Structures are given as structure tokens and as C-alpha cells.
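You will see subunit A twice below: alongside subunit B first, and alongside subunit C after that.
Entry: the complex of A and B
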């Protein structure tokens, strides 16, 4: 059965996008810097969610997971958002990279200039515009290429029942995961860590990955629940929900673990060149958000999803996933804003509107891509196992 | 045979049957399963066992003599000096703790991920966890010098002679983390043994071996196999699995914080906690493979620990080895990127300084060798797996040596830069713990069933490929 994009879906997506466009226009008129920083926040967030879709599909093949065959079209569709993220990311970097990324200022690297910064100049081998653009092209190019190849094999499998698509997907998964292992870290350094140009943390790439995985799982869950509610994906029962719920629960704890380790080690050692990152997030009113981040992304999902029954209950699972979906936006917000707009931040029309705009676009693309193929794949070798999944 | 032919004539069915290989080889009845797995406990040891046991006991004795010498003379008999205050002792401590991690991962995390192949190896891997923690614990305890005051690490009142412990110190967190880890692992492991010990007791009764029956009856805590026994057993198992899951992460996280909370270049890095955990699992699986590849042969368990099991473990080794590899590269990159000259020098010194050989041994063994498992032929070859597993064991030992010694031996004050080399006492103690570990493991193989018998019996119906009416009842 294929998904049919309803009038309502389109209407809601268009309204959200319209709100987004208005908010972005308003933002550019009132506070362009804050608006650009917001675009980075939302674009990175939805890029991470889309990338998690492809990552999730790859992991399922690599681990030869059986249970997930019935839900795999959802993360597959999420990955289709990546080209949009690529375009927006290029626009952001080309038109406003100069203000978001301090290291793009040439005078920092010039010993004769009064602005010369010895530490940033030392990073010139990595932080320079051509290499940054090359990395961007490589990352997005490879991510999009693999997303499409997975999708192609998956759709081809619906039409013919041979094993070859499955086998090829496993090979693709192995290659993708190797690329992902490197690019997930480098992209986190590039898009987020280099904002605070002086600062560094070896864990940063993995920390961002943990956030990527949790937020991606939350969106996967929300989409599955929506489709089920509309009468699609009836094959997905509470056992599958239990499993995606466990991923959400487990990895929100994993995210917290990395959050705690990164924060605690830097706080404990108290080296000025490291600790200022958290200092920035303690001032200008960020403190409330900083503490809220921990509560909303750890305590809340922990309490909501702790029990077995809540992971198997659609309403509870929805609440858990919705909290995490909002919570991790806040996490990205906290990684971007203190280094870009500093005290000028706010969460108002600009932020909410831009977020809704991206969400509308995401809904539009994901739903249209869901409509292009069966919601539950056919002929997947693990489908029988997945349909009989019981835990 | 008939089945196979019909199976081949139809087009490949669109289900995962091809991918879900049987968990054990051959067609086994419950009795056969009990016979095969209880045989090493009930029979007499062969000469290979005795040879290995003798060698292990000699090594262990030598280690204890070295410890006695160290305690009697003082900590000065080790090669430590003012600059290098931690070296072989802490290297060995971390190495042993890491080795234990495979057992906990198998019994907790792989349980959550529903990896049923773990049933053939969980018992022995959990046993290794316990023995490895025993070996690990010896090093910090004897590093104290005056071991008779070891109880000072506990938060006891000042009237016991100690000062109140420093809760800010990660070394104290270690005390709690490792003792919790040891207790939970021990209880979990022993709990799982109860039904199997009862099986041995009952079989001894049938064979008329009164002493054995008496001893195992005592060991099995009077297990009756009633519905109530099983119900409680399963409840407790679930609780302990729940407790073990955070322990997989927490123990090595806290061990890593012994280093990462400090200001020593090469030690203070935020990636340490998850990277230490991955490294621990990596080394743990290598040790499980080293031992089980031998044990399956000696104890005739080839049908239960099959090539599929080896391949699955090799995949975990490739995954965790790659995580460790990415962490090495990240550390190296950030050391340069940070612009902190001390940090950059620490890494340069590792790769090109006087201990370059240790660094490159680590890189070769930990980063390059596990990548060979990308080839299906290699990860399914028992001989190559055995060799690579030993490489990984060596590499992970060097990793800790590199982290500890190369970061310390050239500190902030060049006038105090020194080299470190171990004395025979340190080497002897390490050999001693090897002896202790193998002695305990060899005894375990003779006293307890090395495979979780009751657990494996629960899947026997699912692994039988024959149609329902042809299966034994």
C-alpha cells in the first residue's frame, strides 16, 4: 500500500512553510545575524534527522536486523531531505559564513595585522574556505549518493524478489558506515565546533552523533505513529513500537552519558582554553536553557519511557518522542547561538517561525517521498521475521 | 538430506532463512546437550589440561613470590621513579579490567539486542570477567605499598586511623565502580549457574557418585527446578541484567577518568570515556576468542561454539577496533587543532619519541589487524582469528602503556624527563596474574559447565531444522 499525500498534509506543510518564509523575512529585516544563525540551527537539526534516516537503514542491513524490515521505509524517506540541507548549508556558508564562522576572517591569519590570532592561524591547514567547501561537497555528496542508492535498491526489491538487492544493500551499508564514522565527526567539527573557533573537544563529534541518533529516532517514531493513525502500517504492532521506543530511551541515556562526560571533564580540569565554552553557555541568560537541555533530553524521556508498557503505548511513546524532538532542537540551539549571536539571542517569532518553516518543508518532502513507494516494503528477506516480530 | 534437496529446487524464498544460521551444529536432544556439556566436569582431565594447569600454577606462584618480595622490601623494588609514578602496574590494571568487559557486554547489552548466539559463550565470558577483575584488583592494592592499610580507601571514620576519603578523586570512584562491578558480575554469573549445577547434581546422583552429588547439591543452593524456582530465577536475572547494562559503560568510564580529569597532556581529553569503553570491549572479545578457540577444541565443544560464533565476535572486534581507531585519529587531530603546544608535543612524542616502538605496536595491532576481518575468509578462519586475537591482546596492552608512560615520562619540567623500564618484580607480577587468570579459568572448566546449559536448552526446538514430527521429544 502506498501513502497518499492528503490535501490536509499539503495545506499544513504549505502553511508552515509560509509562516517560515514570513518569519525569515521578518528576521532579516529586524536582526539578520540572528536570522542566519537560526537558519544554521534549523538546517543542521533537520540535516541530522535526515542523515539519521540513512544511518539507521545502513545499521539495520549491517546488523542483519530482522524486526525493522517493516518500518524501514520511514527512515528511508527521511533521508530524502538531505539535498535540501545541502543547498541551504551552502547558501548559509556563502552568504553569511563570514559572520557565523569567525575563522573566515582573513586578517586573523596575517601576522602583520593587529587582528592576528596565533591559535586560529595555527588551524589554517584545516579551517580554510577551500578545504571547508571541499569537505562540505564530499560529505553531502556521499551522504546523498548513498541515500539514493539505498532507496534505489529498496524500491527495486519491491518489484523483484531476488536476494541481490539485499546483498547489495549490505555492501552499501558497510561502505556508508565507514564514511559516516569519519564524516559525522568532521561535519560536527565544521558546522558546529568551528563556530567557537578557539575551542576544541575530542568528544564533540560523538556527542553530536548521539544527538543525531536520538533526534532521528524521535522523528521516525512520530512518523510511524502518524502513519499508523491514518490507517497505514497496520503491520507495525506494539512490539515494533517497543523496539523503536527502546532505541529512543537507550540512546537518550547514551546522549546524556556523553553530555555529562564532556561537561564534567572540562569543568573538573578547569583549563581556561576549554572551560570558556561552558562559561559562554552560563552567561547572557543561556543558563536556564543549559539546565533545561539536560532535563528535557534526559529526565523527561527517562521518566516517560522507563516502563515497558509506556514504550508499547502509542500515546506515551508520542509524548516521549515529541519531547525529545523539541529537546534536541534546543541542544543544537545551544551549540550555535552562544558563539554566533551571543547576548542577542531569543526564542520568539524568528525562531519558532523558522523552525516551523523547516518542519513544513521536511513534512512536504518526506510525505511525498513516502507516497512514491509502498509504505511497507515487499520481498525484503527479513519481512516474514519482521511481521511475526514478538517480544 | 531430503529436505535440502527440495529446499534447493524452489526459488530462493523471500525470507531470512538463509541469514539465520542454526545456533548450534547438528541435531541434539536434551540428553545429548547435557552429556556434551557436563562431560568435562564429570570426566577426568586429560594430560593437556594438566600441562596447562601446571604451567599456570608455576606462573602464579612466581607472581606471588614477587608480590611477597615487593611487600617485604617496599615499593622501591619496582621501576617507578619520581616522574613516572604509574607504569606497568596501572597498565596491567587497566588491561585486566578491560578484558573483563566482554562478559558484561555479552550478558547485558547483547541480551538487549537479542543476540541469541551469546548463549554459547556468555558463561565462560562472564567467568573471565570475574577472574580478570581479581587480577586487576591486585595492582592498585599492591601499589599502595603498605597493603595492610588498604582499607583506608573505604570511607571509614577517622578513629580507624585513616583520614576521611576524598570524594573528589576519581581513584575513589574506581573503588566503588570496580567493587560494584565485581559483586554484580559475580552474583549474575553464579545465579545463572544454579540450574546447571543442579543438573550436574542430579546426574551425579544417577551415576551413584555420592560426594559429587553432595557437593553440587550444596553449590546449587537446593535448586529444585520448580515453577517457583524458575519464576524467581527469571525475575532476578532481569533485574541483574538491568543493573549490568550501565556497568558496562560506567566501569571503564571511571577508569578513564583516572586520567582524563587530570591536567597531564595526552590524558586530559574528553573522548576518553566512550573510547575506553570501546577499547575494553575490543580487548575483552579478543581474550574470549583466544581462550574459547582453544577450549572448544580441548573440551570437544565444536558443535556449540561454531564458526558462526567466531564470526559474530570478529564483527564486534572490527566494530570496536574501528571505534578505537577513529578515537586515536581524533585525538591526534585535535591535539594539533587545539593549538595547545603541550598537547601537540605529547602526541608527537608518542609517535616519534623514545617510546615510538610502543606507539607503533599499538597502532599496528589495534588499528590495522582488526581491519583484516573485513574479509569473510579471514573472519571465518579459526587459525587467523586466533593469531589476530593475540595481536589485539598485545595491542591493547601497549595502548595503556603508551597512554600512561609516554604522557608521564616527559612532563612540564624538562630537567625531570626520564625513561622508565620495569624491574623483574613488575614483570613477574604481570606473569603471575596471567598464571592466576589461567589457573582460575582451567579450574572453572573442570568444575562448572562452560556453556549455559539450561539457557541453551530453551532454544533447542528453534535450532532443529527437522519438521516437528521428526524431532525427538
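Entry: the complex of A and C
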């Protein structure tokens, strides 16, 4: 059965996008700096969600997982948003990279200049504009390429029942996971960690990855629940929901583990060059959000999703996923804002409007790509196992 | 009050055993227990095994471990002999909390895992020195056994069901 994009879907998506465009225009008129940083927050967040879609599909193929065959079209469709985030990321970097990323200032690398910064100059081999652009092209290029190849094999499989699509997808998954292992870390350093140019953390790649996976899972769950509610994907039962719920629960804890490790080691060692990252997040009114981040992304999903029955219940799962979806936006917000706009931050019309705009665009693209193929794949070798999934 | 007696049936495979369990359930005949060399998927619902309460135990044990660890560290580091480590605030538990989290976490996991193991072993009568309650030693190798509660009225019916579904021995 194919999904049909309803008039309501389109209308809501268009209204959200219109609100987004208005909020972005308003932001550029009143406070362009804050608006650009804000675009980076939303674009990175939705890029992470889209990337999680492709990553999830790859992991399922690599592990030859049986249970996930019925739900795999949802993460596949999420991946189709990647080209949009690539375009927006390039726009952000080309038009406003100079203000967002401190290391783009040429004088920092010039020993004769009074602005010369020895520490940043030492990072010149990695943090320079040409290499940054090359990394960006490579990352987005490979992600989009693999997303398309997975999608092509998956749709071709619906038409003929041959095993070769499954086999080829496994090969693709193996290659993609190696690329993802490197590129998820480098993109996290590039887009987020390099904002605080002096600072570095070896946990950062993992920490961003954990956020990526958990926010992607929350969107997968929300989409599955929506489709189920509309009468599609009736094959997905509480056993499959239990499994995606376990992913959401487990990776929320994993995210907390990394968040806390990064914080605790730096807090304990108390070295000035490391600790200022958290000092920035303790001042200018960020303190409440910083503590809220921990509660909303750990305590709330932990309590809501701990019991087996709640993971199997659509309402509880919806609440858990919705909390995580909002909470991880806040996490990305806290990774970007203190380093870019410092005290100028706010969560108001600009932030909420831009978020809605991105969400509308995301809904538009994901729902249209869901409509292009069967919501449940047809000749997937694991489909039969998945339909009988019982835990 | 009718006289209950146990009927023991030995099966060579799990599928006939599942079929027997299904038919006994239809007749509302109570199965006492099933013994198998490996877990049989879906048998719990058929023979009326209630959901495990081990998860509740795990939560209680975890909470105990957490409290004990915090109490221990509060007593050692803050109450009995205050130690200034690296200039960290050392007069209140909540100010020092991040430094105490790793030990608290480990203690939570240690208590939860160990006590859950012992609870499980105790409930399953698997403690050292306890004689195994298997009705037939072959259920640890290749046979599947089912114990059914029978009365004088139902015994004949049970025998028929067990025979029809393919029990290799009935005692």
C-alpha cells in the first residue's frame, strides 16, 4: 500500500514553511547574527535526523536484522531530506561562515598580525576554508549518494523478487558504515565543535552521534505512529514499537553517558582552556537550559520509557518520542548558541518560527518520498520474519 | 475436593508439546510445569506462567545500590573526614555530585545485577546444594516434559490429548 499525501498534510506543511519564511525574514531584519546561528541549529538538527535515517537502514542491513523490515521505509524516506540540508549548510557557511566560525579569520594565522593566535594557528592543517569545503562536499556527497543507492535497491526490490538487491544493500551498508564512522565525527567537529575554536573534546564526535541517533529514532517513531494512526502500516504491531522504543530508551541513556563523561572530566580537571566551554554555558542565562537539557533528555525518557508496557503503548511512546524530539533540538541549540551569539540569544518567534519552517519542509519532503513507494516493502527477504516478530 | 494427581508426558520435540499445551488450554486443564532443554517461544502464555516480577526487583535493588553508595560517600568524604581534592567544593553533597556519579553508577549496577542473579537463582531453586526438581534427567538433553494436574474425571481426557498430540511416554 502506498501512502497518499493528503491535502491536510500539504496545507500544514505549507503553513509551517510560510511561518518559517516569515520568521527567517523577521530574524534577518531584527538580528541577522542570531538568525544565522539559528539556521545552523535547525539545519544541523534536521540534517542529523535525515542522516540517522540512512544510518539506521545501513545498520539493519549490516546486522541482517529481521524485525525491522516492515518499518524500514520510514527511515529511508527521512534520508531524502539530506540534499536540502546540504544546500542550506553551504549557504550558511558561504554567506555567514566568517561570523559563525572564528577560525575563518585570516589574521589569526598570520604571525605578524596582532590578532595572531598560536593555538588556532596550530590547527591550520585541519581548520582552513579549502579543506573545510572539501570535507563538506565529501561528507554530503557520500551521504546523499549512499542514501540514493539504498533507496534505488529498495524500490527495485519491490518490482522483482530477486535476492541480489538485498545482497547489494549489505555491501553498500558495509561501505557506508565505515564512511559514516569517520564522517559523523568530522562533521560534528566541523559544524559544531569548531565554533569554539580553542576548545576540543575527544568525546564530541560520539556525543553528537548519540544525539543524532536518538533524535532520528524519535522522528522514526513519530512517523510510524502517525502512519499507523492513518491506517497505513497495520503490519507494525506493538512488538516492532517495543523494539524502536528500546532504541529510543537505550540511546537516551547512551547520550546521557557521553554528555556526562564530557562534562564530568572537564569539570573535575578544571583546566582553564577546557572548562571555558562549560562556563559559556553557565553564563548569560544558559544555566537553566543547560540543566533542563539533562532533565528533558535523560530523566523524562528514562521515566516514561523504562517499563516494558510503556514501550508497547502508542500513547506513552508518542509522549516519550515527542519529549526527545524537542529535547535534542535544545541540545543542538546549546552546542551552537553560547559560542556564536553569546548573550544575544533567545527562544522566541525567530527560533520557534524557523524550527517550524524546517519541520514543514521536512514533512513535505519525507511524506512525498513516502508516497513514492510502498509503505511496507514487498520482496524484502526478512519481511516474513518481520511480520511474525514477537517478543 | 477431588484428588489431584500429576500426569507426566515426555515429548521428543517442542512443536507437539506446544500443540498439547494449546489443546489443554482449550479444555481449561491446568499444566503444572514444562521442562525443556531450551526456551520454547510462546509457551508462557499457553501454560499460564505470570509475567516475571524480576524487573520490579531490579528497580528496587538498583535504588538500594544507589542510596548505599551515596550514603557511603557522604559519610566518608563529607561527614566523617572531609577531604579537599583539587579544590573542589566539599561541604555539600549536591555540589560534589558529579564526582560521585561514577561510583554511584557502578554500585547501582553491581547491586542490581548481583541481587537479581541471586533472586533468580533462589526463585528457580537453583542454589548450590539444592537437588534439581527435574522430573526426568533427559529434559536437560533432548526430551521435553510436561506435568499436568489431573483428577479422576479428567485423567482419561488428558491421556487422550497427550497421546493424540504425540507424547512418546506418559506416566
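Criterion: the second predicted complex is superposed on the first by the 391 of 391 C-alpha atoms of A that agree within 3 Å, B and C clash if a C-alpha of one lies under 4 Å from a C-alpha of the other, contacts with A are read in each partner's own complex, and residues count from 1 in each chain.
One rule holds for everything that comes next: a contact is a pair of C-beta atoms (placed from the backbone, for glycine too) under 8 Å apart; a residue touches a chain by one contact, two chains touch by 3 or more.
Since the structure is predicted, the reported quantities are computational estimates derived from the model, not experimental observations.
**Q** With everything superposed onto subunit A, say whether subunit B and subunit C fit together or clash.
**A** Clash.
**Q** For A:32 in the superposed arrangement: first (subunit B), second (subunit C), both or neither?
**A** After superposition on chain A, A:32 lies in contact with neither partner.
**Q** One more residue to check, A:185. First (subunit B), second (subunit C), both or neither?
**A** A:185 sits against subunit B, while subunit C stays out of touch.
**Q** Considering only the touch criterion stated at the top, classify A:141 as touching first (subunit B), second (subunit C), both, or neither.
**A** Neither: A:141 stays clear of subunit B and subunit C.
**Q** Scan A:390 for contacts with subunit B and subunit C and give back first, second, both or neither.
**A** Second partner only, subunit C.
**Q** After the superposition on A, what does A:268 contact: first (subunit B), second (subunit C), both or neither?
**A** Touch partners of A:268: subunit B and subunit C.
**Q** Based on the superposed arrangement, let me know which partner A:348 touches: subunit B (first), subunit C (second), both, or neither?
**A** neither
**Q** Touching A:285, do we find subunit B (first), subunit C (second), both, or neither?
**A** Neither subunit B nor subunit C is touched by A:285.
**Q** Return first, second, both or neither, reflecting whether A:206 touches subunit B, subunit C, both chains, or no partner chain.
**A** first
**Q** For the three-chain arrangement built by superposition, which of subunit B and subunit C touches the greater number of subunit A residues?
**A** With both complexes superposed on chain A, more residues of subunit A are touched by B.
**Q** Where does subunit C run into subunit B after the fit on chain A, at 2-10, 20-28 or 110-118?
**A** Superposition on chain A puts subunit B right on top of 110-118.
**Q** By the touch definition above, which subunit A residues appear in both interfaces, subunit B in one complex and subunit C in the other?
**A** On subunit A, the residues that contact subunit B in one structure and subunit C in the other are 268.
**Q** Write out the stretch or stretches of subunit C touching subunit A in their complex.
**A** Per the touch definition, subunit C meets subunit A at residues 41-42, 55, 86-88, 98-99, 101-102.
**Q** Spell out the part of subunit A that touches subunit B in their complex, as residue ranges.
**A** 64, 66, 118-120, 122-123, 126, 161-163, 174, 178, 181-182, 185, 198, 200-206, 246, 250, 257-258, 261-262, 265-266, 268-269, 271, 273, 379-385, 391
**Q** Over in the complex, which subunit B residues touch subunit A? Could you list them?
**A** 11-12, 14-16, 18-20, 112, 114, 249, 253, 257, 260-263, 268-274, 322-323, 326-327, 330-331, 334, 337-340, 374
**Q** Can you list the subunit A residues touching subunit C in their complex?
**A** 260, 263-264, 267-268, 270, 307-308, 390
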